[in-house]
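Have a look at the structure below, then the notes.
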Amino acid sequence: MPLVVQNTPRTDLEIVDGLSDAGVATVHEAQGRTGLLRRDIRPIFRPARVAGNALTCEVAPGDNWSIHIAVEQAQPGDLLVVVPTSPCDDGYVGDLLAGSLLVHGVRGLVIDAGVRDVAVLTEMGFPVWSKAISAQGTVKETPGNIQTPIVCAGAYVRPGDVIVADDDGVVVVPRERASTVLEAARDRVASEASKRKRLNAGELSLDLYDMRGRLADRGVRYVDYRDSP
Amino acid sequence: MPLVVQNTPRTDLEIVDGLSDAGVATVHEAQGRTGLLRRDIRPIFRPARVAGNALTCEVAPGDNWSIHIAVEQAQPGDLLVVVPTSPCDDGYVGDLLAGSLLVHGVRGLVIDAGVRDVAVLTEMGFPVWSKAISAQGTVKETPGNIQTPIVCAGAYVRPGDVIVADDDGVVVVPRERASTVLEAARDRVASEASKRKRLNAGELSLDLYDMRGRLADRGVRYVDYRDSP
Amino acid sequence: MPLVVQNTPRTDLEIVDGLSDAGVATVHEAQGRTGLLRRDIRPIFRPARVAGNALTCEVAPGDNWSIHIAVEQAQPGDLLVVVPTSPCDDGYVGDLLAGSLLVHGVRGLVIDAGVRDVAVLTEMGFPVWSKAISAQGTVKETPGNIQTPIVCAGAYVRPGDVIVADDDGVVVVPRERASTVLEAARDRVASEASKRKRLNAGELSLDLYDMRGRLADRGVRYVDYRDSP
Amino acid sequence: MPLVVQNTPRTDLEIVDGLSDAGVATVHEAQGRTGLLRRDIRPIFRPARVAGNALTCEVAPGDNWSIHIAVEQAQPGDLLVVVPTSPCDDGYVGDLLAGSLLVHGVRGLVIDAGVRDVAVLTEMGFPVWSKAISAQGTVKETPGNIQTPIVCAGAYVRPGDVIVADDDGVVVVPRERASTVLEAARDRVASEASKRKRLNAGELSLDLYDMRGRLADRGVRYVDYRDSP
Amino acid sequence: MPLVVQNTPRTDLEIVDGLSDAGVATVHEAQGRTGLLRRDIRPIFRPARVAGNALTCEVAPGDNWSIHIAVEQAQPGDLLVVVPTSPCDDGYVGDLLAGSLLVHGVRGLVIDAGVRDVAVLTEMGFPVWSKAISAQGTVKETPGNIQTPIVCAGAYVRPGDVIVADDDGVVVVPRERASTVLEAARDRVASEASKRKRLNAGELSLDLYDMRGRLADRGVRYVDYRDSP
Amino acid sequence: MPLVVQNTPRTDLEIVDGLSDAGVATVHEAQGRTGLLRRDIRPIFRPARVAGNALTCEVAPGDNWSIHIAVEQAQPGDLLVVVPTSPCDDGYVGDLLAGSLLVHGVRGLVIDAGVRDVAVLTEMGFPVWSKAISAQGTVKETPGNIQTPIVCAGAYVRPGDVIVADDDGVVVVPRERASTVLEAARDRVASEASKRKRLNAGELSLDLYDMRGRLADRGVRYVDYRDSP
């Protein structure tokens, strides 16, 4: 029996927005290289960057009924995360549903399946990360769970976890760790800024990271082309 | 022995253009969700939208001779549809052939294989939906059939069927059904306009489509997060 | 034991730049249809076109240490070519490394794996041809060979071979053949210009290439639609 | 509205069985290299060889209701051909349905999707050619067309066309051409037998097919290793 | 910092063995169609069937150090579940490790990556479900977590959850639900036995499941071939 | 212009056979983890193990003429290695060609494309490693190079290099290194035998390889389940 879970926890939007500023690659590093979704989930337009509270939604294959149910559960700052119960890459969301999601405060969509009307979604500026683009519409016969924990594109996502998405892909941050991860992400951003300055001035990363000793330890040999095997 | 079939029927261009205006997703719905090509056939640039009379062309793998033959059969408003007799994703069409197709009135290309010179094709505004982009050129050794029925990317296409292509993909409309499908497509566009208005005003699709009763029938339960399993 | 080979030969940059002007499809033809990389190596932004001396680099799976070593070997006009010793499509290069490569004169990157920070790389105008985009970072534990012959995306590449990359893909030209191939490429460009003129004036390629006799030899038959099988 | 078409034509089983004896590769050649299904349709056990009259069946994604309807339309010597209306590789057929198909005379299954219970199907000796093996079951919500023309795995199949399947793949023979194709297939089998004898006796195919003159025409050069470029 | 979690809960082996008897497809149904791993995880030999307590193991890409650590944590009746932290399909397990796993009571391996020495593993009868077969060996540089929750091939797996694997694929049963699921699975097996008997006697599933009324409701029409559109 | 290079060097068959005994995974390790072909090149039957001198052959897409030429160049102990000049997975070799190859001493086939008649090839015991199985036949229009260096499935292969193939995949050993690699492979086999004995007696690889100190260095922590995060 499908469940619609209400009053789920959400992460403070200031934290969510801070994670968005840091970007996916940095957030992924900052939480110990965990939480990345499969890399075949790609943005339908670029550049795109967004973060939001996961609003989770299971759909039956070729059936988008659940998404209509999910809209009612949306709160401003949410990001819809959709996974089919078995792989089927139809276009579950088109411009009508996207408009409805936008007007209810949903910031974007991550879907381990397909979307359609992408020319209109691009004009609307509604960001979508999907596995496919497909004109194939869906039926409304079988509802699925809303706001329960799901596995989407290889990552475990619970309602109110933070989803960060940009041109590099999508990462999920567990809500309990969100503020810690934000702090670590900001540290990385600061540290990278100083490294960037030195690298752009021509310093070699071999020196910046003091790698020459370890290279020798690993037996790296520098040889002249005429002496190479 | 390869055949070049001449004087094939074509669909009236007013109908063709009307179907283009409706777009792929709407046309697909309007004809009962049939006729979609495999979704790995993607535009080489976006946005792109075109419709035309199918000018069908079989090519041998790695051989584009047939396409040269097809140009002579082209009429203004045609859209070239190419399929290799066995899968081989070389670049069968480059900027020379594209220029020749354009000057003979061909509106675009759908190919279950590859194309090349895509930077030039993009500048020329010659729209292509293909499975691949490949610099690999082809030979001219083995001709294939022109203007015979083919299966392209999973869809059955006959000369003069209408091909509609946009950012969502490609759909084929059998020529006998083209005017009926156009009518149904226009009905859908009108109906969607009124729905869009209500959804953008904040109405929920659950109410707009009167789904709450059926949801209850299916046993959907609303529970509080603290009571969820 | 990993090797860093120094003082490798390079191809004269005038030849390199000439090959860039000709483009991948033309260069591929001009050298007898050899040297193309697998076509799933795609540019992260389009349009993009570059050529350079191959600076070859093997990386361990999920490990980009070698790339830091390679930067020191770079000379202006080089193009970095990276292949993992076993397939792993993480993001081996991000904006810090890309900035460092740029400042040392590297013109771009071809990698049979993934990159990250693609929004920044796009803003920087640092062209990359890759198999994947991935936010997944890498470690620095296992160095690999620098400036030794490698197989990248199905092509054999030696240091100082010329890599030409554009929207159609990537091709490698052996350095010994570079000037001969450039000459042949320029001949093709000239020959294509005159053909383009005639085709754009409406001449059929069947006539331009004098194909009608060979078509008859192959048994191609022209039939009327009402008489077709 | 889904259709179940009754009293469809079928091909004489003597012809069907003759085509089975010839095998897929030979039949494909004998009908001019047409009718092959995509090669990712593979047998669930090997060796396997069967031919039958196509009993065509469209299923909704993740929904096998149509197959239950199709069983009633089966006649001895039929071979069930199933295609989902959009790609979804669930396990549409398991051991219960397979047993039911067997008892109604169906000789096997070709499906552009998945099957399950393959260990039992293998023990039963019920041959299946499928795109996937999947334990994922299906629902019974949306019926599709039975015994209408379909495109399955890239081939156009009508009720009563002959399906031939073996370890090499699957081919469809239009019923009107079945007896002609059988004759051509038998000619090939006879001709191949005499060639096989000569080749196994050590004769070179270059001589058997008299290819040496054409090789010289194509400019093939024999060079010694020490003189090779 | 990598963790090795000890004294994790395990599921009673009588329950585990009962689930093995039911098989993957039945268990998947019995727990509401949840818990299936991606279907590209396939057995290296068939037939194969096993169930065990999940012994979870994260590996770095191209690095099997964690698996050596995991062996020490094994208890009789465990089944090793391995996932790389980023996709890399090398051969993480060969015959030496497999022998060591066997002698410590591990019943088999599920890995979202590759294995090697499969001829020997087949002779040993050590069942493996993997995404790839690869001779590419791995290093021992970077340890990962042992016995922590993981996402493997799209499913969420915790230590001591039950893994059931057979020719149809792999399913995970949360340990808290294992005995309930076993009961439901046994009910299904019993119910299927009686259905199988009736179907094998020739009864149609349309009648057995009483579907004719619902078919009419859905508008299914039976037409004669001569009257079909 | 296609070349047929004659009198190419070959590796002594005693060395070749020794490498076969060691197997692919061991040989790959023994030569520093180089030379592996892409892992989608799989045997058409299992178990299978063979080694031979590479007889290299380029084919045009969908064209097997070159293979007929190659037969004449075969010597006992050769193993045919075929690569198309652009990707096209037709069935280039069937039972006639396989019989001819066998009678001229060719031990097997590695092909970065497809083969057909696999049921017969299996009965004949002619081992093939291929990317695909396809009933699609080929033409004889365009010859390619025989016995020149090629890149096959990502590996650089020259005539007379040793190809070793078994259930794990395919590896190439440069002929200059063959005897050295054989020696290293035999050392590995001997060393593995003693390890196998100790592991099968229950010793942990953590102890056998003395890994506990390094584990501590890497910060691996052992925690109780009740204390885990």
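Per-chain numbering from 1; labels A, B, C, D, E and F assigned in written order.
Operating definition for what follows: a contact is a pair of C-beta atoms (placed from the backbone, for glycine too) under 8 Å apart; a residue touches a chain by one contact, two chains touch by 3 or more.
None of these values were measured; they are calculated from a predicted model.
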Given over half shared residue numbers means same and under half means different, the subunit E/subunit F interface is different
In whole angstrom, the CA-centroid distance of subunit C from subunit D equals 40
Taking each chain's centre as the mean of its CA atoms, subunit C sits from subunit F at a distance in Å of 27
Residues of subunit B that touch at least two other chains are 33, 36, 39, 86-87, 89, 134, 136, 142
The chain pairs that touch are A-B, A-C, A-D, A-E, B-C, B-D, B-F, C-E, C-F, D-E, D-F, E-F
Contacts from subunit D onto subunit B in the complex sit at residues 33-34, 36, 39, 85-87, 149, 151, 154-156
Subunit E contacts subunit C in the complex at 60-63, 86-90, 134, 136, 139, 141-142
Subunit D residues touching subunit E in their complex are 1-9, 65, 68-69, 71-72, 89, 91, 94-97, 99-100, 103-104, 114, 116-119, 122, 132-137, 140, 142-143, 147-148, 159
Subunit E contacts subunit D in the complex at 23-25, 28-29, 33, 36, 39, 42, 46-47, 49, 166-169, 171, 192, 195-196, 199-202, 204-206, 209, 211, 215, 218-226, 228-229
